[in-house]
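Take a look at the structures listed below.
First chain A sits with chain B, and in the next complex the same chain sits with chain C.
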Partner chain A sequence: MTVVKLRKTLRQIGRLLAVHSMLDLMLMTRSTAEFWIWAITDTIMNAAAVAGMVMLATRFHGIGGWSQPQIIFMLGFGAFSKGMVNLLFGYNVSAISRRIGRGQLDHTLIQPQPLWMAFLTEGFNPAFGLPTLVPGGALLVWSLAHMQFHSGPAWWLRFVGYMFCSIAMVIAFQWLWGSTAFYAPRAAEEINSATSELMEDLKTFPLSGRSPAVRDMLLTAVPAGFVAWAPCAALLGVPGGLHPMLAPAASAIFCGLALLAFHRGLAYYQISGSQRYSDFGHRR
Partner chain B sequence: MTMQSTEMVLELTNVTMRFRQRQRGTDLGSILRGLVSPVFKTVTALDGLSLRVARGEVVAYAGANGAGKSTTIKLCTGLIRPETGTVSALGLDPSRDRVKYVGRIGVVFGQRSELWFDQPVSASFNWKRVVWDIPDDRYKAMEGLVRELLGLDSFYNTTARELSLGQRMRADLGLALLHEPELLFLDEPTLGLDALAKKQMLNIIKHLNEQNNITAIVTSHDMSELEQLAGRIVLMHQGRMAFDGDFDMLRREFSDWRYLVIDTPGAAPVLNMADYIASDGSRHSYRFNTAEITVAELLARASAQQQINDVETHRPDIDEVIAGIYEKWSVGSPADQHVATKQTETVHPSL
Partner chain C sequence: MITSNHSKTWQLIRFLRKTRATAAMEATSISGEGALFLVRWLLRLLRTAALIGIWNQLGAQKLGSAGATAAQLGAYTVLSEALGDVLRMRTGMEFAFFNGSVALRFLRPFGILQQFAAECLGRAALGGICFGLPLIAGAALCGVHLAPVSGSALIWFALSLPLAAATGLALEYMLIGVGTAYGFHPYTVNNVREAAFGVLSGAFIPLALLPTTVAKVASLLPFASQAAAPLEIYTGLGDPRTLVALQLFWTTTLWIATAVVWRWNREKLVLYDGG
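Entry: the complex of A and B
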């Protein structure tokens, strides 16, 4: 790719992110009542998602060899990763099975832009997404303040890298399963609701000291261990963690598998077409 | 319609598309067997279709339900690829050159909206400006043009979900035209619209064809509407092209019926070879088959009974002709012989 082309691509990505930010802001501010209802319910849901583990961690002063602040850090990391997924891949970009299953991929295919660019930008929703970073951010700040832990620029760089891997792993897992909607649109339309919930439930489960069977399962079939546990163990230097490069490698492998599954599904879609169309959720 | 050239903007060559439909029984045995060894029927949606469309043409693409219209539109917009044969549009392969190609075409699906539902129409237009990377000066010119032509001003800042169907369709058409497409695909663009909204829609498409030389492929079940719009009709039947020509040719080829209206001072003459329809004062209407009797013969018989003050003959309207064709096809009459028979076969998953 030439420098001119790269610059043009980056400029277009910037313009797309800006226009989607504006659409998101307009959607959020369409009604005062809806805004407040959404803000309150989302805060409750985000708080509920981490409350159980926080209470367990405080009650037992840590879990599985992890101290209380370390557990809170892992919860914060997981919640922040979820917030980032919400922020960057909303509007059923993360839950791709809905778009495929409802026959809505056609809308994207008639846009004159590569699919990667559409999916990278269409789900950007800062107005709705930014507040979902708050619970995770708050837990991270609290835990770092209670760990007597020196976090220099190199550590923060690693933090950003692991966060990127965590987000990539969540999206890859979603797309890997979401691609089944190419073959069974009706049955698999909501499969990403189930896979998202599965990942949410398991990602902050401390794997240190667990049996190899449980640990292996949560690092392969359902790679939830790579979303928060493995990156946090590496970042905090907790004994019993994995090799620091394993989480990035796993993310890369799962991203590759997800892309392969999506492309195969898309090739099938281009031969069979979609026999189904529902406008439910489309651009709403 | 106007300024047609010999430059072909769309060429389908010997295109075949087949889809599998699962066949299921309702008894327990069939249900359980279906899980292990499902049975499929192959349906031929398009069977060796070849079609060429020149720049500036407006083509009515018609056919009964299941004739292959939507499959053709999906092929031409690059959403699906042909099983065999080739599709070329604007010198590109719609599927392989998707990004380049879709920037030059416009698509309106009557049953699907491209508008952002919870946003004002103006926001969807601005979104399109960015995604299609339309230069500012061209965007401003086209935005002004479509707002004026389509009468969008009164609801330009209204949320799409609050629009009437007619307003939504106009806004959708405006959105499809913003980037000045060379080739426009309109799949049932007037579905559900009232008479006035339909008329507005048709006028706009005609205007764009005349002024901008846009090529348009329009599918609809409303033949009168298609006749107002298109100079050429392609009639599909069971995946094959059953007719390609103008509307008069279609009438001549598929309908021998004519209407005769005669004005007499007295009662309606009795004409044995024609069906009497109704009388309106001194005007009496009949329907007759030109294969059985000529107008001259009928008039001779009528004038033998009554003095004739005035005479009118006219062809049946296009909807009547098409309905007749579909009816013939559905019962497998001789008219069915020159079109394809749908091929079906039973296959198993290993195939």
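Entry: the complex of A and C
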């Protein structure tokens, strides 16, 4: 019975992903010019987020005990993770404060499917998301080619695992803060813009050799160190990193906190409802 | 003659009053929504600490090859973050055109461009009081040497900072004018502008630390006049005369271009209501 139910759920997820791919494709074909503008500008934005540090590492042949290819691998990992977030959690699923703050959560609540399934599938946007993987992918390929490094199947498996943790950490941090929009819809509507910017900027810094205060802050209050630095230190075996299991453990803890915050917020929402509505950013 | 002068003075007073009122409205609309608005400044605080850490880590020899010291770069970064709102000059005007809320602004007894500029001023004042001043005081207490490189550098800096703001505002109005007239989504306009500003302005990573060719090209672009110029003057990383001359060139050119763009697309902009 459980296996049958699981198969049914997976089939439903597959169907929903196909539907959202089609919706994305329709949006793309509605205006090819606009699609290219979106795809190119998103890709430029993703590349620019790490460009400064790439140039800094190039000029000084590395930063803080990390060689230039190692830094570029870390930046590529961070950019690829960001691209994956764009690909899987677009349409303000990652920036959940916008949906909640604008009163758009009701659109999801009235659908005949569990909330988790909606959020797992609604943000899938291959047409717009795939191009944003290019800068990160290119940096990863370049850096691996320039490192004396053997990457076997086990290493790639760890790479995928750490990438999953990195994506989970970004989403968890977004949702943890985004849940404040349940209580202050207007004031917190755009809070995920600020938290996303926070993560984007701070994930590019290698934390090796940092002062303990800054390093601790970037591993706890704003866990940007777990998005790229800690996983890459573990993958590349750079000295001064953390225990290899710490990044997955931190991701699990933050995911738990985010779910708790969201559920508490949702319970509050069930009593208070939303006093405002704006359709801005809602896919129609 | 006396009446004419009196009238001009009165006009100026009225303009300043309107600017102050609009700036105050903007500042209170941000701060009045609870403490969540402080999150953006947390980013800047952490970024400042992380960047200063990197400058210290690069070491004197590497920085020396770029013609800088860790102390200069520390002051550069603190000042860049403290003056962030002035150097970035974001009006949010593109969204007002996109969602049609600009129509309400036409009803106010104040010019459209002036309204957005005054709002920028309000945000900059709030940022300066709540974040800039505490950051400068905190950095000084933490040992960052924030004094200008010389007395004359301070005078040049005082001249350069308004020019940087004027360049930023002109660039903002021009890009939005073109983007809105062609019907680009505001996010796409923002993405391109943020990408260019982030890499080429020197607000985040000083241009002196970029690869030499990139730094040379970037220093000639308007983004550098918008952000890097006053910071380089203050910290002694650039020649004040050259930087201010370049700022004057960009400010003049961009404001002329902006006037042309807005005259050319005026009808389109007024008719565009967020479709």
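Methods note: the second predicted complex is superposed on the first by the 282 of 284 C-alpha atoms of A that agree within 3 Å, B and C clash if a C-alpha of one lies under 4 Å from a C-alpha of the other, contacts with A are read in each partner's own complex, and residues count from 1 in each chain.
Simple rule for what comes next: a contact is a pair of C-beta atoms (placed from the backbone, for glycine too) under 8 Å apart; a residue touches a chain by one contact, two chains touch by 3 or more.
In this text the structure is predicted, and so the values were computed from the model without any measurement.
In this superposed model built on chain A, chain B and chain C occupy separate space and fit side by side. In the superposed model, A:107 makes contact with chain B only, not with chain C. The superposition-derived angle at chain A (between chain B and chain C) is 90°, Cα centres, a multiple of 10. In the superposition on chain A, A:27 contacts chain B only, with no contact to chain C. By the touch criterion defined above, A:253 reaches neither chain B nor chain C. Touch criterion met: A:201 reaches chain C, while chain B stays clear of it. Ranked by how many residues of chain A each touches, chain B and chain C are led by C. In the overlay built on the shared chain, the residue A:63 is in contact with chain C alone; chain B does not reach it. Look at A:282: by the touch rule set out above, it reaches chain B but stays clear of chain C. By the touch criterion defined above, A:160 lies against neither chain B nor chain C after alignment on the C-alpha atoms of chain A.
Per the superposed model, the minimal spacing between any CA atom of chain B and any CA atom of chain C is 8 Å. When both complexes are aligned on chain A by C-alpha atoms, no chain A residue touches chain B in the first and chain C in the second. Partner chain A is touched in their complex by these residues of chain C: 33-34, 36-37, 39-40, 42-43, 46-47, 49-51, 53-54, 57-58, 62, 66, 99, 184-185, 187-188, 191-192, 194-196, 198-199, 204-205, 209-211, 214. Chain contact summary for the complex, chain A toward chain C: residues 34, 37-38, 41-42, 44-45, 47-49, 51-53, 55-56, 58-60, 63-64, 177, 180, 184, 186-188, 191, 194-195, 197-198, 201-202, 205, 209-211, 213-214, 217-218, 222, 280. The touching residues of chain A, counted against chain B in their complex, run 12, 15-16, 18-19, 22-23, 26-27, 30, 106-107, 109-114, 269-273, 275, 277, 279, 282-284. Residue ranges of chain B in contact with chain A, taken from their complex: 19-20, 71, 74, 77-81, 83, 95, 98-103, 107, 111-120, 123, 126-127, 130-133, 159.
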